[in-house]
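Each chain carries a letter (A, B and C) given by its place in the written order, and its residues are counted from 1.
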Amino acid sequence: MSDTILDIRELSVGYGRKGLALDSVSFSIPRHAIVGLLGANGAGKTTLIRSITGLLKINGGHVVSGSVAFDGQPVLGLPAHKRVGLGLAQSPEGRMVFSRMTVEENLMVGAAMLPRSRQDEGLSSIYRFFPRLKERHRQIAGLLSGGEQQMLALGRALISRPKLLLVDELSLGLAPILVNEIYGELGRIARSLGTTMLVVEQNAHVALKYVDTIHVLDRGSIGYSGTAEEAAGSEAMKRAYLGEGQKEGAA
Amino acid sequence: MKAYNFGSGFRAHMPKAIAAALVLGMATSGALAGDAPKDGVYADHIDWGVIMDLSGPTSSSQGVWTKGLQDYMAMLNENGGVGGRTVNVLAEDGRFNAANDKIAFDKLVSQTPVIALSGFGTSATQVALASEIRDGAVPVIGTYTPTKALSEPTSKMVYNGFCGYKQMADAGVGYMVEKLGLKNPKVMTVAIETAGGKDYADYVAAAVAKYGGTASSTTMKIAAVDVTPQVQQILAEKPDFITIYGIENTAILTMKTMQQYGLDTPGFGITYLGTKSVYNALGAEAGGNYSFISCFTPGGADESDGNKAMVSFADKAGHGDLASNINYVAGWVAGMTAETALKKVDGDLTRASLVSAIEGGFTVDPEGLAAPIVYTPEDHTGPQVLKMFGYDYAKETFVSYGDYADYEKYTK
Amino acid sequence: MFAQVLFSGFALGSIYGLVALGFAVVFKATQVFNFAQGALAVCGAYFAVTAISILGLPFPLAILAMLAASALLGVIIHMTLIQPLSGRSMLAIIMVTIALSIVIRAVIEIIYGPQGRVLSTPLPTGVFIVGDLRMPKLHLTAAATSWVCMAAFGAFFRFTRVGLLMRATADRHEAAMAAGVNVNLMNRLAWAIGSVLAGIGGLFLGQLQIVSTELETIGLLALPAVVIGGLQSIPGAIVGGLLVGMIEQFSSSYISPKSTDIAIYGFLLLILLFRPWGLLGDQETGRV
C-alpha cells in the first residue's frame, strides 16, 4: 500500500458547453497529512471537490480527462455513496445539515454505513469531540447556530471514521474566533484518529495556520504548491494568489 | 374514425388492398357511372350505414349491438341478400362524442354514401342531428336509443328500432307496482347525465303519477365510479323500488353499493342493462333484487325459431357468448327491420324509393325475438311490447316473467 | 343523515389519505409532482383484478402479488422516466407524469377493454346497522387498513434505518449524497412506496366500487388532498385526504352530487389564497 491516499492526475472538468473549470490539475495527498487547497472564489475549488466526491454530475459538470485515485483505486466512475463507503467523507460547503431532522438523526445518517454494533460507539466518540452536539442531540438541526451546524456537518462526516475527510469552506459565514476554535478542534481529532484531511479554504490566512502543505488553485490550474511555512514566507505566492486572485475573485 | 368494412379484412392487407382497389377502380368505373353510387347502391351490393360507439364508455353495449346487426346481414348475404345484392355494413365509431358522430354522419351521407342508416347510440347526437336527419334524404331505420327530438313528431325519415324509454317506463313501473302491490308508490330513478336520462326520468314520473305515487331522481356522470352520494339519497328517501338508466356500470355500481349499505330495495334497469355481465358482476345476492325491462328476448331464453336461428348463427360467427346479450338481439332485429324495409322497394333502389316504399307502413316479424313490430304512417315507435326479465344464477340463463301479451296493458 | 355522511366521508377519506400519502412520499423524496398517482391507483386495482379474477390466486397470495407488482411498477417508472430526467425543469417532469398517466390508461384499456371489472372479495361484505347509521363492513375494513398502512409507514420513516436515510434524502438531496446515502436507491424506494400506497388505495376503491380506468379521477383527489394538507407534510397528506373525503360526501349529500368538484377545488383555492403552505405544511418550504 502506497503512502498516497489521494492521487489526482491531469484532471480537466467542464460544465455544459462552457470552457474548462479545471484544466489539467495534478496533485496528491500523502496519508495522514493535512493539506490545504486554497484559491479565490471561482478558482475551481468546489469543482475539484465535487470531482473527488462524485457530486459533479448532479451539479451539471463532467470530467473531460484525467484520473482520480483514492487509496490506490480509481474512483471517477463510482457514484458518490460508494466513494463514501471507501472512506472518503466530506463536510460540504454551506454545511448542508438535514435541517428538519434532529442532531442525533443527522449523525445517524453518517453512521448508517457502519455495522449496527459500532454505531453507538461512533455516536459517543462524536459527542466526545463536540460536547455541544451532545447537549443539543434532540434539537432540530435547522435551529442550531452556524457554528453548531458546522460541528454537526463535521461530526456526520467523521462518525464513519473516514480515511480522508474533505472539509469544504468551513469558515464561510462564521465568526473568526469560532473558525479558529473549530479548526483547532478538527486538527486534534484528525491527528488523534490518523485521518487525512483536505481543507478547502478561501481564507488563506486561516488555512495556513492549520495545514502542513498547500496547493493554490488559480483559474482552474494549480498555481502554487508548497509547505505551509514556505507559502507563508513566499512573496511570489502572496502576489500570485492573494493579489490576482482577489481582483478576479468574482470571475 | 374507423370504417369496419364487413367481412373484408381490409386493414390487414393494406398495400395489397390499395393496389387491388386501384385496379378494380379502373376496371369498374365505367360500369358504375350509370349507376346511382351516391345512394350507396351498387350492381352487386348495397352499403348500409351504422353510427355507433365502437370504443369508449358505451361501446360495451353499442359495439355488441353492431355485431348483432352485422351478423344478421352476414346470414342474410349467405341466403342471397336482397334482390340479388349483398348488404355491406359500413360502421363508423362515434366514441361517445356527438362531434365524431356528426363527422361520421356527413361521411355516410356524401363521401361513402349509404342507402340508409342505423344506430345513433348517443342520445346527444340524435338531438343534435335531429333536424338534419328529418329534413335530409337518408332514412334512419332502426335507431338504438330513441329520443324525443328525433322521433316526435313522427317523420318518414326515422323508424325507431328499440323500445322507447316511455314504453320501458310504463311497462316497468306498471309491472313493479302490481307485483309489489303498491298503493301510492315511491319511485326513484337513478340515471346518468345525458339527454336520454332526463327523458327517461320524466317518463317514469308520468308513469308513477298514474298510480298516484311520487317520483324523484338522482343523476351521476357516465364515467362515475363512486355512487355513494346517490345511494345516500336512496337511503334518505327510502323508495319502494328504483329504476336505473345508463350503462352497465351504472347498474352494477348502484345495486352493488346498495348491497354494501344493506339496502335490498328492488330495482329494474332499462333494456340496455339486461346483460349477463351485469348479473355476473352483481352476484346472486345483489342480482336477486335486479331485473330489467326489455322488448327483446335474450338468446337462449326461449325456443322460438328466431331465437334458435340467431343462437346458431352467432355460434358459427364466433359470437356465441353475445347471443344472450340483449344488445346483440336488438342489433339482430334491426337487421331484420332493414331487410324488411329494403324488400318493400319495387324497381330501382334509391334512398328516395326506399323512403316512399315504407312510408305507408310495414311490419317486421322478429320470429319470436320480440313481439311483431308494426310501423304505421302515424307511428314509428318500433317495438312497443316489453316484459320483465331476471336471471337464474343456478342455470346461468335469463328468466322471463310472463308473456309479452301480459304486458300489453301497461303500454297501450 | 349527518352521521351517515360523516361515516362515508371518513371511510372514503381514509383511502384518499392513503393515496395522498403515497403522493407525498414521492414528492418529498424526488420533488416530483406526480400527476400519475391516480393512474397508479388504477394499476393497483387492475393488478388485483389480474391476480384475483384472471389468475385465480388465493386472496392473500393475490394481495402479495399485487403489492409486488405495484412496487415494481414504481421502481420501473423511477428508473426509466424520472431518474434520467433528474436535474431537468419541474415542468418537464410534470409533463412526463401526465403523459405516463395517459399511457397507463390507454394500455389498460387495450389489455382489459373499456368495460369496468368487478373485483370479487373474500372480505366481509355485510353491514352494521346502528339506529339510522349503516356501516358497510367493507368500508370499515378499507378505512382500518388505510390507517394501519399509514401508521406502519409512519413508523417505518420514524424508526428504521432505511426510513432515516429516506428522510435525509428528502430533506436535502446533495447533503445525503455527501453523507454517503445511496440517493437513487432511496428515491427508487420512495417511488415503490408511493406506487404501493396508491395500489392499496386502488384495490379498496375497486372493491367498494368498480375497477375501471375512471378510478383515476378518484385517485387524483390525492392532489387537492396534499395541497390542502401541505405539500411537504406526511400527516398533512393524511389529513388532506380525510378532508377531501368529507367535503366530497357532505357537498354531494347536502348540496348536490354535481357540486363535489366545486366544493373540493373551491376549498383548495381558499387554502392557496390564505394558507398556501397548507394546513400542516411548513411555511418556509411548503409554499405551493
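Points to keep in mind about this one:
In the analysis below, a contact is a pair of C-beta atoms (placed from the backbone, for glycine too) under 8 Å apart; a residue touches a chain by one contact, two chains touch by 3 or more.
Protein identities per chain, from UniProt: A = ABC transporter ATP-binding protein; C = Branched-chain amino acid ABC transporter permease.
Since the model is a prediction, treat every value here as computed from it, not as a measurement.
Between subunit A and subunit C, the least number of touching-chain steps is 1. Among the chains in view, C has its Cα centre nearest the centre of the complete protein Cα set.
Subunit B and subunit C have Cα centroids lying 39 Å from one another. Centre to centre, using the average C-alpha position, subunit A and subunit B are separated by 77 Å. Chain contact summary for the complex, subunit C toward subunit B: residues 1, 4-5, 8, 12, 113-118, 120, 125-127, 129, 134, 136, 138-139, 205, 208-210, 212, 214-215, 217-218, 249, 252-253, 257-258, 260.
Here subunit C touches subunit A in the complex through residues 86-87, 161, 164-165, 167-168, 171-184, 282, going by the rule given at the top. Put simply, subunit A touches subunit C in their complex at residues 53-55, 58, 60, 79-81, 84-85, 89-90, 92, 96-101, 105-106, 108-110, 112-113, 156-157, 160.
Considering their complex, residues 55-57, 59-60, 218-220, 223-230, 232-233, 235-236, 248-249, 252-253, 256-257, 259-263, 277, 280-283 of subunit B touch subunit C.
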